[in-house]
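Okay, got some structures for you below.
Each of the next two complexes has chain A plus one other chain: chain B in the first, chain C in the second.
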Partner chain A sequence: MAMTTGPKPASRGAGAEGRLQTQEMILNVGPQHPATHGVFRLLATIDGEILINAEPVIGYMHRGYEKLVEQRDYRQITNLVSRMDWLSGINNELPLALAVEQLMEIEVPPRAQYLRVILCEMNRILNHLMFFASFGAELGAITPTFYAFREREDIQRVMEATTGGRMHFGFFRPGGLKEDVPRGFVDEALKGVRQVIERLPDYENLLVGNEIFKQRTIDVGVLDREAAYSYGVTGPIARGSGIDMDVRKDEPYLVYDQFEFDVCSAPNGDCFDRFWVLVREVGESARIVEQAIEGLPPGPIMGKVPRVVQAPAGEVYVRTENPLGELGMYLVSDGDRRPYRLKIRTPSYSNVSALSHVLANTYVSDMIAILGSFFFVLGDIDR
Partner chain B sequence: MARPGAITPQEALDRVGETLGPWIEEPKLNFGAVDLVCKPENLVRVMRTLRDSEHLGCVFFTFLSGVDRSELGEGGGGLEVLIHVYSPEHAVHVTVHVPVDPAAPECPSISGIYKGALWHERETHEMFGILFPDHPHLTTLYLPEDFEGHPMLRSFKLPTRVVKAWPGAKDPEEAAAGGR
Partner chain C sequence: MFDITLATWQILVIKVLVILTVVPVGALVGGYAEHKVMAHLQHRLGPMYPGGWHGWATTLADGIKFLLKEDIIPAAADRKVFSFAPAAIMVPIIMIYLVIPIDRNLVIEDLDVGLFYLLAIGSLSTIGLLMAGWSSANKYALIGALRSAAQLIAYELPIVFAAAVVAMLAGSLSLIDIVEAQNFPFAVWPPGIGLVAFLLFTVGAVAEMTRVPFDMPVAESEIITGPFTEYSGMRYIFSHMFAEMGHMVAFGGIAATLFLGGYKPIVPLRILEYIPGVFWFFGKTMFMIFLFLWIRPTFPRVREDQLQKFAWKFLIPVGLVLILATGAWVLYV
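Now for the complex of A and B:
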């Protein structure tokens, strides 16, 4: 797969002046690579062990959601957007519901708001544990996978019992939820997140305290603050670069302002800090779920929504904190049952666009660690 | 919790008006975000001011895309570039609408100001056919190189919808009540 560039043929051994002759080489990483969570290609120009330049090539899974949504009504779109970032399906459905609710001025009952928070945060735990597992595996440690999937399964089962799906939930509606949670939800959900809280120190010790892990991640792949802003990087990756932006805190939606939780951030912007933020966020999400379950009010789970959901003409930009960063939807409505235009700003897309900036002039051996620490899902990029 | 430097949307609107007055049109508030229209020739100056001015500080690039408003009814407008930036310090959202000529759509690239626009402009170029002349690498991002047409334009119809109209246009319950 490697090919050489430049006019000179490859020479073996010493050149005419006695020095080793080198030339740049282009190396294809992907499209199929286990570190990429989807179909993703990296066109890497390398000089010996140094990556001179790395150009992400995307679009292998482009499904054209922004066009498709113009041909579907709002209820159907829920199921489409659920499939963008397949590790955080229920979080994807949220901004769409919020955008329609804002335009239609629908009031969502408190129970639905609390349940939305609980489900979103449980989904965030699922997502983060997945990346905890995969990042370890990418660096050669297979054990985290077994740890993470053990805890994931308990929460996954609660999500499945509630929504009927394990990945694509289709549970949020403009105005509320598809249905109320099943009996036993509270106990099972609490059990799941308490287990996560209890075992989180093990997780931290397993990787974060590991000397080999530190060697491979500290000071590797540094993303500076200015670049993070300029590329629109968000989520754990931005927070790993010392940016304490979190939509849940900055502009609380749903009922996030009623819970106590910290925005985790770390100052150095290297792979270690990104990962460290990710791991700590699991604990914060679990805290939010605990509080939300404690305060879960009784009542209806749907607001007053007309039988046909037609957003009045207008435009609104809604953003929410997806597990991987800011998910925004700019909805232009002309009063129809379908959106006139729905611009979907996905977190992975903006995050990965900063990859070539970070990868330039790093070692080839660090490439997978950097790729893995950018925590992206290709479905979210190629929506 | 609000940040110490956070300002109200109205204050943000006033500051935008003061700083960018002559180069923008129709500044207004829309769901808490400052919404303004800017001609392509003023765009680079406006975006640079939004980013660099101390009392706006919109350093965070959210997205750049396009909207084809040609089927939006009267007063809808034509093709436009849509940009959203955000100030983490002051909690200010700014949406910039840049109307472009539908016959020969062209808009200056802002990738020199916000690097994130590099990919967003490539996507907008292939999806809407809008040209960003000073973009350093304006190739296709999602689509194959030989793809014909610009899918996100309203005139580009989905092949399925050419064959069969949107089934949802008719309410299934109404259809059932209609005696079929």
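Now for the complex of A and C:
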């Protein structure tokens, strides 16, 4: 009979002395479980309702991207990396395009840069709304799901008209874009984005103003600042822990330095703060899209790119702000049409590594809230 | 008028037939209402699609889908208990309907201890949940079953207190007497007592039905569907969907009977007396069902410990004080 050994804060209902003799139980959460958004497994040791510790087990979706890309030329890779994080496809294509452009020293025309910003931010809105929806659903509130999907659809339709895809866009090329945006893009995009801005307060009130929601998230799953640093956590999760970092601000790429937007952050590092950061970032992204559409210059959408995209020998590291955190690509070229090596640093991989730190000594229900507030995409973890 | 005399067994058969018709129809109506109310509240498109107009065939399509599913029993499960559990869940719920008066003379059995019977039989289905959870040989099912047992103990008490208040005000345990004792504006009056008792009963009923925000035992994002994780096909329908809907309609009827004046008209007008009590009863029941349905899309789920704290530290003390207040009211007012 193993008595529970893990430290238990006094506030826990079970009480410390004179409690019933209980036995620990191993619970495999996943690989198929509704709260893990895919094939993610959590090896959890539970004692009744208390989660003593949990260890994430990943790798069920490993597809060998880093090896695959070595066999394909740059235009093909665009479509591959688009599938890593399926919620933010176009954001994944960006660092690859930037890396190749830096190696080949291609000048990207301003219109293409603006359009890239617009599409990336619209994709960020899509991604964030998706996590807004799923976080609500995980806490048992089903209404946000449907509201968020209604909003997503408006923007999704603009993206579809522009790129031809709903998830895997394959629209960025080294040197610019695949093609110019269709007629009516500006109006439709503005309409969709303004609708999001207009309805966002409703969404916030639906969840953030709810007393049960607050009780479920405030002071639950606290990831402190130091731990966030040491695990290499980035993106909305790091900003929810009070780390004020955003690649778009710190090392502006494309034309992000020309727009006004705030880096949202919150100090406590609990589920509520992570969620709050995520929700506010939707508004900031919408602001960027509005500004970019207003300043959208005319002109070509493709720089001077040779017929065969062949990066000269060298190496380059590019980092961009993916919706879920910092996405880095380290490209090594030996002058071939294919990369010699492409090391990808994906945000979800680093973010879930902090999970076991946060999950120890929580409730089983908190585990779901924490999993939901860590905003990870399985494809992005395993690649 | 006809003068028909029926043998006891004939009356029994008719009663059984009536109850076996009313309960599934009630559950179907509840399921249909749930589809539609939620679709309207949440901009859902799916439930508005099947069958054309207003998606009238949704419930039908759902039912057929489940009928056609394979009935899977896990290899490690305790086959007998596993197969019997849905019945153990469903039968007590059907038995609730026996004492609910639909009209002055339209009740299957007018028991002298109707209220007592109602509360006693209503909590029996938890045994079925425990059977299902234990026999499934699944950890999620086990957690769910234990959660539902814990929840029953905590939330049965507020319901009992609220019902006791009504019994004290009416001075009887027979449901017909309780309805007859209620004069407009019914038992939700007196405001300090009846209203609180009504709210207490509603909260307890939502918890007893394991619906959001108290759906910890079946929390689908945490423990899949709790005790029903391993069930499929018709067994799943009977143990979960049908039981939940049957429960909801039953609780709607109980609340209408205890607090909203049952088959009596909502305002004491002579002309309204001509409308049959059945309409008033079902109208009030539908109102309660709508209330239950409305709660679901509005709230997130509470956590297990918060749920217990809410019951033991808030609802039950409130219920105890309420009973004292009712005693004072009955004695001195």
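The criterion applied here is as follows: the second predicted complex is superposed on the first by the 363 of 383 C-alpha atoms of A that agree within 3 Å, B and C clash if a C-alpha of one lies under 4 Å from a C-alpha of the other, contacts with A are read in each partner's own complex, and residues count from 1 in each chain.
Quick note on the criterion: contacts are C-beta pairs under 8 Å (C-beta built on N, C-alpha and C of every residue); 3 or more make two chains touch, one makes a residue touch a chain.
Being a predicted model, the structure only gives us computed values, none of them experimental.
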First (chain B), second (chain C), both or neither touched by A:E179: neither
Contacts of A:D262 with chain B and chain C, given as first, second, both or neither: neither
Which superposed partner A:E107 touches (first chain B, second chain C, both, neither): neither
Partner chain in contact with A:D382 - chain B first, chain C second, else both or neither: first
Partner with the higher number of touched chain A residues, chain C or chain B: B
Chain B versus chain C as contact partner of A:D202, first or second or both or neither: neither
First, second, both or neither for A:D187, with chain B first and chain C second: neither
Contact footprint of chain B on chain A as seen in their complex: 58-59, 62, 64, 66-68, 71-73, 76, 102, 226-227, 229-233, 243, 245, 249-251, 308, 315-317, 319, 326, 328, 330, 332, 334, 337-338, 340-341, 343, 345, 349-350, 353-354, 357, 382
Residue numbers on chain A that touch chain C, as the complex places them: 12-13, 25, 27, 33-35, 49, 136-143, 146-147, 150, 207, 210, 212-213, 215-216, 363-368, 372
Chain C residues within the chain A interface of the complex: 41-44, 139-140, 143, 212-213, 215-216, 219-224, 296-306, 308-309
Residues of chain B that touch chain A when the two form their complex: 1, 3, 30-31, 33, 59-63, 65, 67-69, 71-73, 76, 82, 84, 88, 91, 93, 95, 114-116, 118-119, 127, 140-143, 151-152, 156, 158, 161, 166, 168, 171
